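Shared chain: chain A. Partners: chain B in the first complex, chain C in the second.
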Partner chain A sequence: MQTDDLEQKKLVYLYLMNYAKTQPELVILAVNTFVKDTADPNPLVRALAIRTMGCLRAEKIIDYLSDPLRACLEDKDAYVRKTAALCVAKLYDLKPELVIDPDNGFLDMLRNMISDSNPMVVANTVAALTDIHNAAMSQPGASPSDPGYFEITSAILGKLLIALNECSEWGRVAILNALARYVVHDEKESEHICERVVPQFQHVNGSVVLAAVKVIMIHMRGVYREDLLKQLVRKMAPPLVTLLSSPPEVQWVALRNINLLLQKRPEILANEMRVFFCKYNDPLYVKVEKLDIMVRLASENNVDALLSELKEYASEVDVDFVRKSVKAIGQTAVKIDSAAERCVNVLLELIATRVSYVVQEAVVVMKDIFRKYPSTYEGTIPILCSNLDELDEPEAKASLIWIIGEYANTIDNADELLGIFVDTFVEESYPVQLQTLTAVVKLFLKKPDSSQGIVQKVLNTATKDCDSPDVRDRAYIYWRLLSMDPAAAKAVVLAHRPPISIPRTTVPPALLEELLGEVGTLASVYHKPAETFIGKGRIGADAVRKAGDLGEDQFSAQKALQTVVAGQQAENLLDFDDSTSLEGQPSGLAATQVLAQTPAAAGLLAGTSRNPLDDLVSIFGGGGPLAPTTPAVFGGGAFGGMGLASAPPTPAVGQTPTAAQPQQEDLLGLF
Partner chain B sequence: MISAFFIFNQKGEVLISRLYRTDFKRSIADVFRIQVVSNSDVRSPIITLGSTSFFHVRVNNLYVVAVTKTNANAALVFEFCYRFINICKSYFGKIDEESVKNNFVVIYELIDEINDFGYPQNSEIDTLKTYITTESIVSSAVIPEESSKITTQATGATSWRRADVRYKKNEAFVDVIENINLSMSAKGHVLRADVDGHIQMRAYLTGTPECKFGLNDKLVIDKNEKSMGDAVELDDCRFHQCVRLNDFDATRTISFIPPDGEFELMRYRSTSNVKLPLRITPSVTEVGTSQVQYTITVKANFNVKLSATNVVLRIPTPLNATSADCKVATGKAKYAPSENVIVWKIARLQGGQECTLSATAMLTSTTTRQVWARPPIDVDFQVLMFTASGLIVRFLKVFEKSNYQSVKWVRYLTKAEGTYQIRF
Partner chain C sequence: MGIDGLILLDNTGRSIIQSGFRSTSPAYPLLHIEAVNNAVAKATQPGDVDPVVYVSAYSIGDTPSACCHVQCTDVRILCPISGNVDPLFGFAFLQTFIEILREYFGPLSAATLKDNFDVVYQLLEETLDSGGHPLTTSPNALRDIVLPPSLFNKLLSVAGANINATINSGSGLGSGPFSSPIPWRKAGLKYTSNEVYFDMVEELKAIVNRNGVPLSSSVLGKIEANSRLSGTPDCLLSFTNSSVLVDCAFHPCVRLSRWARGKTFSFVPPDGKFILAEYRYSPTGSSSGSANASPLKDNIPIPFVIKSNVELLDHGGSFDITFTSRLNGRSLENIIVEFNLGSGASGIKCIAARGTGGLGRGGVSSMNAGLGGNSGASWAFDSRRRVLKWEINNAPPSSSWNLQGSFSTPSIAPRPSHALQVQFDIQSYTFSSLKVEQLKITGETYKPYKGIRGRAIGNVEWRW
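What follows is the complex of A and B.
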């Protein structure tokens, strides 16, 4: 250890770092050398020693750390100071009391270092203070109104703005993050911050650009001058587009964020759709995101270009991507009235290719178009029906059946077509059964004379031979309606449906605002609030609701969820790692996603009942009462997870009561 | 915040493992192996399991992985991974399993230096090379005064430059390199044509020179400003950290103190008035179900004095092609069955020159009804002394206290690598 060879020293230190945790009593032997090294004439050695000491993580070392650390914080060499600043954060992680204790004065020293003449020191100090602040805030019992250990005052603001222009790229990100937290006092201050931050858009590092976007999006809220607002938005567009020429992973992060920004300010990239055209060799996750953004940017001016692109994509190899492209055509049709006809023509061309999955997706999409533009494209129905044999997926089948039911009076052989599905009724999946049931009843209401037989048959089968309670229930309701009061049945079944439209946002406005304050982070990539996946144990029912409203098309998040479910075993490994902090943390990503999919489970989470059996009944009995908000996170994660893992409901009911007790603890640990 | 940093090989074996924070144990690496490396269907670069997020970048046969438990800045994490990759490339010439295994001591030194407690630190390659060395980059034994110099440089306001640089001959080389992106529809419409350019500079200048950089006279750097006919328009540009962004924002001047040696001064993007150096006219017809006939013409659309080199066209064939018969007057064409493409290589293409390939691909009959997806034709090439955007370097002024004369060299290169795509 006492060698003069720096490289050798580094290796020895690295060795110590790795073994300090298991052999604390041996590490103590090295302390003297460490302390000596912190006073070495060579600044590199001093910094190395203080950096390593912070990483040793042995209780006994700490007592020897305070004095050298204090000395290093005041070292004449900036390199040592910047290393020491982070070391304070390390110390806090190990033993918070030591740092907070005013006698030691670490926090005050750090706060003073914000005025350091060296921008790198300032940046690291900001990083350390933020780290300590966040760690303290996430402690149970910390109230969000508490200023915490790092309150950014206007005096600090000025220093940060000065350091921002001089420090390294990573330092800029740290400072920009701190700026984002600053609470402005008046409009002038907001304007000032925005003006000072805008030049950062030109930085070569994508994370600096996104951090700058974040600061601007936050402080723009305080800006009311029209011309300045316009200027800010205008300046934001080119750097965002430039991020698309970064490596694919960075691109993807940028795209997810652009998607968010567009929901707030659709005008930013209004003329830039072409840059989002997919390249043939883009990775799939980039393509899917680009597709989403293209639809978002679609307008009457660019719809032709968009459609010809989408048609091109629909002939590519990857099934997922092709499906999304077809779906995008449908969304465009629903979004832009004047382009609907062109979209339908494209869809018909695609159906003519007779590629199974393309046809199926096109049928699903056509259903939406029929919903949006009722009785406009009836001419296409024969073509759709001629593809009946091709369909083997439930959603496509259900869509076609819906179309047949809806236009039963204009399709001559509707009863024949539906007859095919009635014959195979019990073999079909539940969504198809439900759709068939409804369609046949519609047919009966529209053409009572010719379809007496078929409606009898379907109601019989549905009530007697079907094992889904939903299907049976619906069949009984129809039956009773039809037998008691056909007029009422008409009013119910043939009711006028509200028109559909493409929502401008996929996340609720409140969440959108929150996410825009997190541009560049994981939360903004997943389009979910951070609590849902970092699991700090603070998810209230409200937050869950919000998350539950998320759109279905969030490919990546879904994927992540599937991985979560599939990899429960692996997760055990994760959490055994960290036995101290995870206990009783209810739900991660998994729970909320599950909730989004099974409304009954949402009832369970929000419900006050804690009896697992009751809750299970409400899951599988359909539509459990949505009791008001108590953050009853208790069993939510665990049972939600099971509901999804075992899709057919009946076996799950049988297995759960016994499994509930032992598994509960297990599963709770998981999230 | 990055809690842990790993490098895996293709089999999922851990090559490098460094835990910056204590919220994980080393066994976290096993989770990544199970979830990502051995999972063939990973479709996102970020995987979140429970509250743990794995960020991974694949490079050659390696996975570079960062792990975090917080709501980390995703852009920063990926930028950091790529920075690490670049540093390795610069240190070892390449990054792959072999070079990581051979240099693992240096890599540990590096990842300790560029990241402390999960926060990225100074990662300027030139500065790092002054105090983290391999055999190939030898610096003299570290004496205290010298190391203070290093630390001042690593933290200073101009962290990218030492103060005492001295050269006999003061030279600066400027390379303007443009990557051209094109997608052209089957009908010959340009769907998208833009240029990602960067200006690479190698500065061998004494002292602390102040540089000023000038581009075309008619240069519009903000699209929304009034454009002037044939002016070169840049949609966006971004600069190396040495460029004073405030000056640029206010007066549009590019002034800076350059790092010593090679660096990327500027990156820009341009979408208007893009000159396409090669014009490809494909005509592909499917004759029945057993043959596809190709006639592809390439025309060089630039000054006769210039020439395109290393032109490679990759022309896709249907998946069920068995053989292809190619006829070319210029260059060489070969069918590559493993990739389902006809590769046509032309070593040199003079400006104005035109050449044609005619080929016939024979198909076997298949049972699938899937129509051929017709992936685009991909063209790679390089043209020296040509910029697709029309950008020119007007001047590079160097001011230094000692007022020496300096020599400047400018080169232009336009190239396409996998981004010049023509549908048919």
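What follows is the complex of A and C.
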């Protein structure tokens, strides 16, 4: 250790650092050399010694650390100062009270160092203070309103903005993250910050760009001047597009963030759909994100380019990607009314290829289009039905059965087609069984004369030979309805369905705001609030885990309830009060009617294969706590992906539990 | 919080070297290695692993974390991150670190890393603080504190001479490390011959549909510089047609205000190789995102045409691809056309030929590859990736080349990709025809040697 060769010294120190993990009590033997080295004439040795001491996780070393550290913080060499600044944060991690103690003066020294003449020292000081601040704020019992150890005042703001342009890329990220936390006082300040941060968009380093985007997104909220807002949005596009020419990993992170930004400000890249066209060589994770963004950017101007592109993808080799592309065609059709016909034509072309998985996915997508545009594309039904034999996936089968049931009166041989499924009823999967059941009842209600036999048969099979309680229960309900009052059955089974739409956002607005504040973090990549996947520091981990579990429980309970409400609306299964429902005035469930109009409920309705009763039963079985929860936690849980069948909940759904509570009791009474 | 460390794995997934992790649990890096190896093993395609892997906590009281990873030749580098940090921060650091390794050891490989353990350890220590903050990553500053390995150093150290004299004596005087007032430039540099070189490298990325119409195309340029100038020179680089440069991103040395005012690059260069700026070429000068940007107007002509005729039959197919250069005055070089024939494809038979001039015969199926004699074209089939690769070394202006062949598949309906991937180089050429007006160097008295050249590369997806 006493060597003069710096390279040797470094390697010896490195060895000590690793050794200290297993033999902390022996490291104390080396402490004298460390302390001596912190006063070495060579600044590199001083910095190395103080850095190494900070990394040794040994209690005893700490007592010897304070004095040299203080000296190094005031060193004349900037390299030593900036190394020492980071060491304070490490010391806090080991022994917080030592740093906080005003007698030691570490915090005050750090705060003074923000005015240092060297921008790198400023940046490291900011990083250290932020670390200490975050660690302190994540302690249990820390209140968010507490200014903490690093409050950014307007005086500090000025210094940060000056240092920003002069330090290294990593320093810039640290400073930008600090700027994101600053609470502005007035519009002028917001404008000032935005104007000073915008040049960072021209940095080559992607993480600087994303950190700058984050700051702008946050402080844009305080900007009201139209021209400036427009200018900021316009300047945001080029750096984001540039990120797409980076390696695929970086592209992916960028795409996830772009996806989020577009939900708030779709105008940013409105003209840039072409840069998101997928290349054959792109990794799957990049393609999937690009696809999602392309649908998001779809408008009447570019829909033709989009459709020919999607058709191209549907002929690719990768099955997952092909399915997602076909789905995207359906989403485009639902999103842009005027393009629906073109979308349907593309889908028909794809069905004509007779590639099994393409056809199946196309059938599922057609079902969504029928939902959105009822009685518009009935001409396609014969083509769909001619592919009956090719379908082997439950979702595709269920979709086709739904279509047949829905248009039973226009399909001449509907009873024959459904007969095929009725004959193999017992072998089918439950979603298919449920759909068959409903479709046959629909058929019977529409053509009572010719389908008496088939409905008898299916109800008989479903109630006697089926081992799923869901299917049996539904069959019983239908049976009872049909035998007691066919008019009521008609009102229930053939009830009008609310239209479906593509959600503009995949996360609830409140969560979106929160996530936009965290652009360029893990939270924005996962599209979930940070608390759901990382703990609040080591100490609070347990509490967070518990909260997380609870969140999950609440989430599933919520979802179940929501599905119940949705199911009510779809089939009005439980509405036995026929007179009122005939007049179109739902009784007892009035409250839920309104809720069901929200996109969330509507979206759930879209999934025909999803069975409301599944979740219903799980409520009775599980009996989980039904406490309402905030939309943020709830929405962040699982709705990462966008799809017709899993539309995101909106905050309105947060009120569902109260509305649904009485129904649940009704249900219990019923059984 | 932040970047917890770096782990370098060899291609069997075993750790070669890793930085010192501060976390108390020694299992932490192992968890990350395991998580990434599992994800890699599960992926159907080698490139399809999610770039950010979620790593659940090992024991109660630990927080879960995430792991960014990149593959670089036969080394996979892992960057565990914890807390709510930007994964891009991790990736940006990984990129920087890989650049540093290249700078020190040349092409990266597990073997070179193993040969230079001591230097890699020092680099890890100097570039990443164990608290999660990157430290010194500028190659100029790093070379001062970590000496690159060289035969000369080895000889001297064997002889017992202290070659670290400059570092060890670093008393903050003159040429010592970190004494430079400019963070990216070494102080007190002296060269006997002062030289500065600029390489303008432009890459065309395009997707072309079956009718030969570009669906999307963009040219992204980079100005790579190599500066070997003494003292503190202040450079001013100006262009005759700077309006074609849009969406620029600069090395921190470039003064942004001067660019905004006069579209010139004013900078004090770092020493050695660096990337001065990145830009997008737009013939109309319209930046992306602006309301009047029309992507179609900005299309750049593709310097070649492909006519392909692919017939898919039961259990196989045949193809006839003709490649014609459309570039005037220059030849396309190192052309590689890749054609993914889909899973199970085998029994490839091909003939690669030049449309005009000498004929070259391809190999037969038993060889799985063919060399086109004196024609300069050859083909090979990568049976692992199921990719047929057709290479043309040099295609003079308006020459045409042809590849005919057939393949068979076990399944009835073959599913080859509907796109040909074409790569090419053009020497001494830029798509933007960006012209340097002058390079003025002030602040120093010497007259440096200045060199500027262009290079174009292309990466085109041609659908059929």
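By definition in this document, the second predicted complex is superposed on the first by the 534 of 671 C-alpha atoms of A that agree within 3 Å, B and C clash if a C-alpha of one lies under 4 Å from a C-alpha of the other, contacts with A are read in each partner's own complex, and residues count from 1 in each chain.
Operating definition for what follows: a contact is a pair of C-beta atoms (placed from the backbone, for glycine too) under 8 Å apart; a residue touches a chain by one contact, two chains touch by 3 or more.
The structure presented is a predicted model; accordingly, all values stated were derived computationally and were not measured.
When both complexes are overlaid on chain A, the residue A:121 reaches chain B alone and has no touch with chain C.
In the overlay built on the shared chain, the residue A:153 is in contact with neither chain B nor chain C. In the superposition on chain A, A:305 makes contact with both chain B and chain C. By the document's definition of touching, both partners, chain B and chain C, reach A:203. With both structures placed on the common chain, the touch criterion links A:236 to chain C but leaves chain B unconnected. After overlaying the two complexes on the shared chain, residue contacts for A:268 are found with chain C alone; chain B is out of touch.
Once the two complexes are overlaid on the shared chain, A:452 sits clear of chain B and of chain C alike. When the two complexes are overlaid on their common chain A, residue A:168 makes contact with chain B and with chain C alike. Legend: residue contacts after superposition of the two complexes on their common chain; A:14 is shown touching both chain B and chain C. Touched by chain B in one complex and by chain C in the other are residues 6-7, 10-11, 14, 41-44, 51, 54-55, 57, 77-79, 83, 86, 89-90, 93, 119-120, 124, 127, 131, 134, 166, 168-170, 173-174, 199, 202-207, 209-211, 234, 238-239, 241-242, 245, 247-250, 252-254, 274-275, 277, 279-281, 284-285, 305, 308-309, 312, 315-317, 355, 518, 520-523, 525, 530, 533-535 of chain A.
Listed in rising order, the residues of chain C touching chain A in the complex are 1-2, 20, 22, 24, 26, 45, 47-48, 50-52, 54, 57, 60-66, 68-70, 81-89, 91-93, 95, 118, 121-122, 125, 129-135, 137-138, 145, 147, 162, 164, 167-172, 176-178, 183, 203, 205, 207, 209, 215-216, 218, 220, 246-252, 256, 275, 277-278, 280, 287-291, 293-295, 340, 342-343, 413, 415-419, 421, 461, 463.
Those residues of chain A that touch chain B in the complex are listed here as 6-7, 10-11, 14, 41-45, 47, 51, 54-55, 57, 77-80, 82-83, 86-87, 89-90, 93, 118-121, 124, 127, 131, 134, 165-166, 168-170, 173-174, 177, 198-207, 209-211, 234, 238-239, 241-242, 245, 247-250, 252-254, 274-275, 277, 279-281, 284-285, 305, 308-309, 312, 315-317, 353-355, 518, 520-526, 530, 533-535, 555-556, 559-560, 563-564, 567, 570-571, 573-575, 577-578, 581, 585, 588-590, 670-671. Partner chain C is touched in their complex by these residues of chain A: 4-7, 10-11, 14, 17-18, 21, 41-44, 51, 54-55, 57, 76-79, 83, 86, 89-90, 93, 119-120, 124, 127-128, 131, 134-135, 166-170, 173-174, 199, 202-211, 233-239, 241-242, 245, 247-250, 252-254, 268-269, 271-272, 274-275, 277, 279-281, 283-285, 305, 308-309, 312, 315-317, 355, 518, 520-523, 525, 530, 533-535, 537-538, 541-542, 545. The touching residues of chain B, when paired with chain A in their complex, are 1, 21-25, 27-28, 30-31, 34-35, 39, 43-53, 55, 57, 68-76, 78-82, 105, 108-109, 112, 116-117, 119-124, 131, 133, 142, 144, 147-148, 150-152, 154-157, 159, 179, 181, 183, 185, 191-192, 194, 196, 222-224, 235-241, 243-246, 248-249, 264, 267, 269, 271, 369-371, 373-376, 378, 418-419, 421, 423.
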